[in-house]
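You will see two complexes here that share subunit A, one where it goes with subunit B and one where it goes with subunit C.
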Partner chain A sequence: MSGNLLEVTDLRVTFDVHGRQVTPVDGVSLTLERGVALGIAGESGSGKSLSLKSIIGLLPPNATVGGELRFALDREAPIPYAPADVHGHGISIIFQEPMTALNPTMRVGDLIAEGPKLHKGMGKKEAEERAIELMRLVGIPTPERRARMWPHQLSGGLRQRVMIATALSVEPQLLLCDEPTTALDVSIQDQILGLLQELRTRLNMAIIFVSHDLAVLGEICDRLAIMYAGRIVETGPVDEVFADPQHPYTEALMTSVPSFGATTDKLIGIEGRPPDPRDFPPGCRFAPRCDYAQEDCTSADHHLADVAPGRTTACIHPELIEGLGQ
Partner chain B sequence: MGRFGFVAKRLLQVIPMLFGIVLVVFMVLQVTPGDPARQIAGLRASEEDLEEVRESLGLNDSVLEQYGRYVGNVVQGDLGFSYKSRKPVASIIGDRIGVTIWLMGAGLLLVVLISVPLGVISALRKDRPIDHIIRGLGLVGMSMPAFWTGVILLLLVANTTGWFPSGGFGETFGEKAHHIFLPALTLAIASSPFIIRGLRAEMISVLESDYISTGRSIGVAGSRLVRRFVLRNAAGPGITLIAIEAGFLLFGAVVIETTFALPGLGQGLVIAARGRDLPSVQGK
Partner chain C sequence: MSDFLEIKDVTVTFKVGSTIAARLKGDPPPILTAVDGISFEADRGESIGIVGESGCGKSTLAKAITGLVPVASGSIHLDGVDLAGKRDRATMRRIQMVFQDPSSSLNPSLTVEKMLSELLRVHEIVPREKIPDRCAELLELVELPPSLLTALPRRLSGGQRQRIGIARALALEPEVLIADEAVAALDVSVQAPVLNLLNSLRENLGLTLMFISHDLAVVRYVSDRVVVMYLGRAVEDRPTAELFDNPRHPYTKALMAAAPKFGVKKKPGESALKGEPPSALDLPSGCRFRPRCPLAAEICEQTEPDLTGPSEIERAACHFAWDEAPA
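Moving on to the complex of A and B:
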């Protein structure tokens, strides 16, 4: 089957903060084809993690979600769904900190066995065997012994593998990854990324991978969406976005990545600070920090325009962007 | 070794604490006004009679000697004799402690039966009407003094319906349970609000944790989520809270035993203190 698996249209997440409406996710739209890995990059507070959690309905109870979510599951075309409907069906999620994401009062084997018990109608014994099988699939050595361990007895890397096995236990077609490598050592990061990459091809899963780490996203993703201040500002195939950013924020983000063997020992940052969701600037929200900002930028409507096949940008003056290394 | 070593160390730490408590209780009673000899010999006793009583009880010795003698006896299991009834204090305690254990046990049981469901409902329905009702009732329960609650239960429940006795204690298990219900309920009304509040706060913080999201994301919901993911994690702190509360229940017991004429330790303590029956008070 090909075609779209997930369609998100005009997603809005609003919080009521002491009577004031705050909208940290403000009109996010994206589509995801089956088996594709999409990366969402952005700074802390850009709304990337909240967007991800609204797809699977794990927002805090004081949040209101607007917009439309459509998911295909086993059908040909995506149909609208209520986020809680996908719990255990079709979509699952892994989190940044595997220690806090695993129930400390459950043996890891029992946790992984929950999914098969609940959704595959498996008995205790059968589900336990399935759990061990899943642990083997995610590369946990001696799974029979480790299934009987508690989360605190495992290393960070193994915990994240357990988390992945738990997510896979419901046989998802879409795996949401909320910075799953950020809390891990660099060497373990690579292992987990490699594992996700391998599982994705093997199980033909789509992935949405949220991170602020462009290098990580470059390794695992096919497509990239850049988020800034609650909105997607640029999308495109990973290589093309990296080679030729079409939004000044993407360019600034990439310039600020320190590179190995750089000729200068100065760290390049982005001037100013990310806007406060309680008080977003009018027009293009990046305009106050943008080197290329024109007068009409502060009154521009947010709209993702096609600039090349498969590439969109919200910048109204992409022609001004000088490009990297110039 | 680790765990047992820890427990053993904690138990050893209790010993100096017990000595401290004995010392404080002893000193407080020394400076309390009222003459035990006068209480025993009666108001009309002559000065000679009083002197005789004091001499026989050793009240003329120095405070230090009295303390030394008392501690010496206590460590041998001898709590002395009651000035009043002349019975060994240990046997008075033995007679009365059963009632108090009953009261504490039944009280704790009711506390758990009331607090756990209400705490769970309150946390799961946070900021909804039912949560406000439970918290409001808790505030009322917390504010009512135990002796007052006891009297109200006696007047409104025991006296009007006649379902429960208004005082005393029974012989058989059924009778005992019947007699202990209202006093235990009084204890529970005063203590449950603290446990409900604690459990509610604990559960709310558990509900916000990542592993609850994990559980939800794989489709664990409803009572299964509460049992396997929420309560298991809130249970540890909850049990600690209840254990701490058990200590406070003992204070409440003193008052409630008097209200309900239960022949327990608390009532005995009140009687002994009124009669300046120092060995009895110290023992308890």
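Moving on to the complex of A and C:
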């Protein structure tokens, strides 16, 4: 079965803050094909995590969600769904901090068995066996022994593996990953990324991976969406976006991080800081920090225009971008 | 020795919690050796990067050098002066530290000006009447507008807070600045300016910089020399360019392979380093990297390799590090 698995149209997340409407996610549209890994890159406050959480209905109660979400599950074409209905039915999520995301009062095996019991109608015995099978699948050594342990007895890497096993226990077609490796050491991060890549191919699962780290996204994703101030500013295949960014923010992000492969003379970084969601600038929200900003940028409407097959940008002057000269 | 900062065989140990049963039996509490015989020297104005994963002792080493935790054995000399025992105010001033999380390391109830002027007053850096001027100068030094003097930390952005953290360290006119994961908590777009600031401060003020991080790329950007730590030990200590071009220790190689790189796709199930570091309370015999090392041989089980190499500045702690001729 091919075609779109998930379609998000004009997603808007609004909070009521002391009587004022704040919209940290402001018109995000995405489509995701089956088995594809999409990366969403952005800095803190860009709305990337909120977008992810709205897909599975995990927003705080004071949030209002607008726009349309469509999910295909086993059907041919995506149909609208209520986010609360997909828990355990097709979509799972893993979080950044496995210690706070795992229930500390449940043994690891019981945690993983909960999904199969609740959503797959398995009996206690069967679910426990399934848990051990899943622990083996995510590479936890001696799963029979570890299933009896509490989350606090495990290392950070193993906890993250437990969380992945929990997410996989309901056989999702889409795995949402909210910075799952940010809190981990590089060598453990490397192992978890390798594991996710393996599971993805083996289970033909689609992934949305949210991170601030472009290099991490590059290792695991097929497509990339760059978010800034509540909006997607560029999309495209990972390699093409890296090779030839079509939005100044993408380019600036890439020149802000020391590249591992080469000695950099001077990092450029971005002047100023990301805008406050309570006070987004008019027009292109990146314009106040943009090196290429023109007069008409501050009045431009946000619109993702096609620049090449499969590539879009919100920049109205992409021709000005000089490129990275690599 | 003409070296400015000289760290020799520094070991830091902690007593860790023992069980009630062990205490009733009268067993001594287990001792955790967080830093285990680290030695290196730094010249005036040199920048040393310390790299390692969590639990390798890099932060403890920083605290030991700053005098925030006691040293169990070994010595720290600054400009020929032994820093053993209790340091007086004038000595403490000479080594200052910038911490990882600027929101928890700044006093939330003090304005920037109060925070800085208190330091200047207590340490008698400048005459009282000059304190306001000096505060403004310090802000200029870290490239912040003087209007922020009246701000409380919560009003500042992450990058600004970290700059205040740096200004606070610089207020005491230190000769050594230790930055412990100073940019790890910052957004990528604001990391770069802070790194550039540290680099320019080092050049302009002649500071010796010790930059501690888990991020190899960041360390490469700011350091002349890099010390790689694993479970309390230095496993490689070499000039930055040489280390990155041709890592000698298998752990350094693995760390580099594990770091995500632009444009390189991850292969399913692939990882550079298998397993996790053993507990520092229960170290393997011989080389402590042995259980995870692809090169491990019999000798590694019996003898812990020394940190040695062809010269004083090119050292690695692996039995096989220097087998082939350096490229």
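Keep this in mind: the second predicted complex is superposed on the first by the 318 of 326 C-alpha atoms of A that agree within 3 Å, B and C clash if a C-alpha of one lies under 4 Å from a C-alpha of the other, contacts with A are read in each partner's own complex, and residues count from 1 in each chain.
Here, a residue touches a chain if its C-beta (ideal position, glycine included) is under 8 Å from a C-beta of that chain, and two chains touch if they have at least 3 such contacts.
Since the model is a prediction, treat every value here as computed from it, not as a measurement.
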item: Subunit B versus subunit C as contact partner of A:105, first or second or both or neither; value: first
item: When both partners are placed on the shared chain, which of subunit B and subunit C touches more of subunit A; value: C
item: Touching partner for A:163 - first (subunit B), second (subunit C), both, neither; value: first
item: Contacts of A:115 with subunit B and subunit C, given as first, second, both or neither; value: first
item: Which of subunit B and subunit C A:88 touches, first, second, both or neither; value: first
item: Which of subunit B and subunit C A:288 touches, first, second, both or neither; value: neither
item: First, second, both or neither for A:97, with subunit B first and subunit C second; value: first
item: Which of subunit B and subunit C A:60 touches, first, second, both or neither; value: first
item: Subunit B contact footprint on subunit A (complex, rising order); value: 53, 56-58, 60-61, 87-89, 91-93, 95, 97, 100-106, 111, 114-115, 118-119, 163, 166-167, 169-170
item: Residue ranges of subunit C in contact with subunit A within the complex; value: 53-54, 157-159, 187-193, 195-196, 214-218, 220-221, 241, 244, 254-274, 276
item: Subunit B - residues contacting subunit A, complex; value: 126, 208-211, 213-221, 224, 228-229, 232-233
item: Touching residues on subunit A, where the partner in the complex is subunit C; value: 43-44, 155, 157-158, 185-191, 193-195, 197-198, 200-202, 212-216, 218-220, 239, 242-243, 252-261, 263-264, 266-270, 273-274
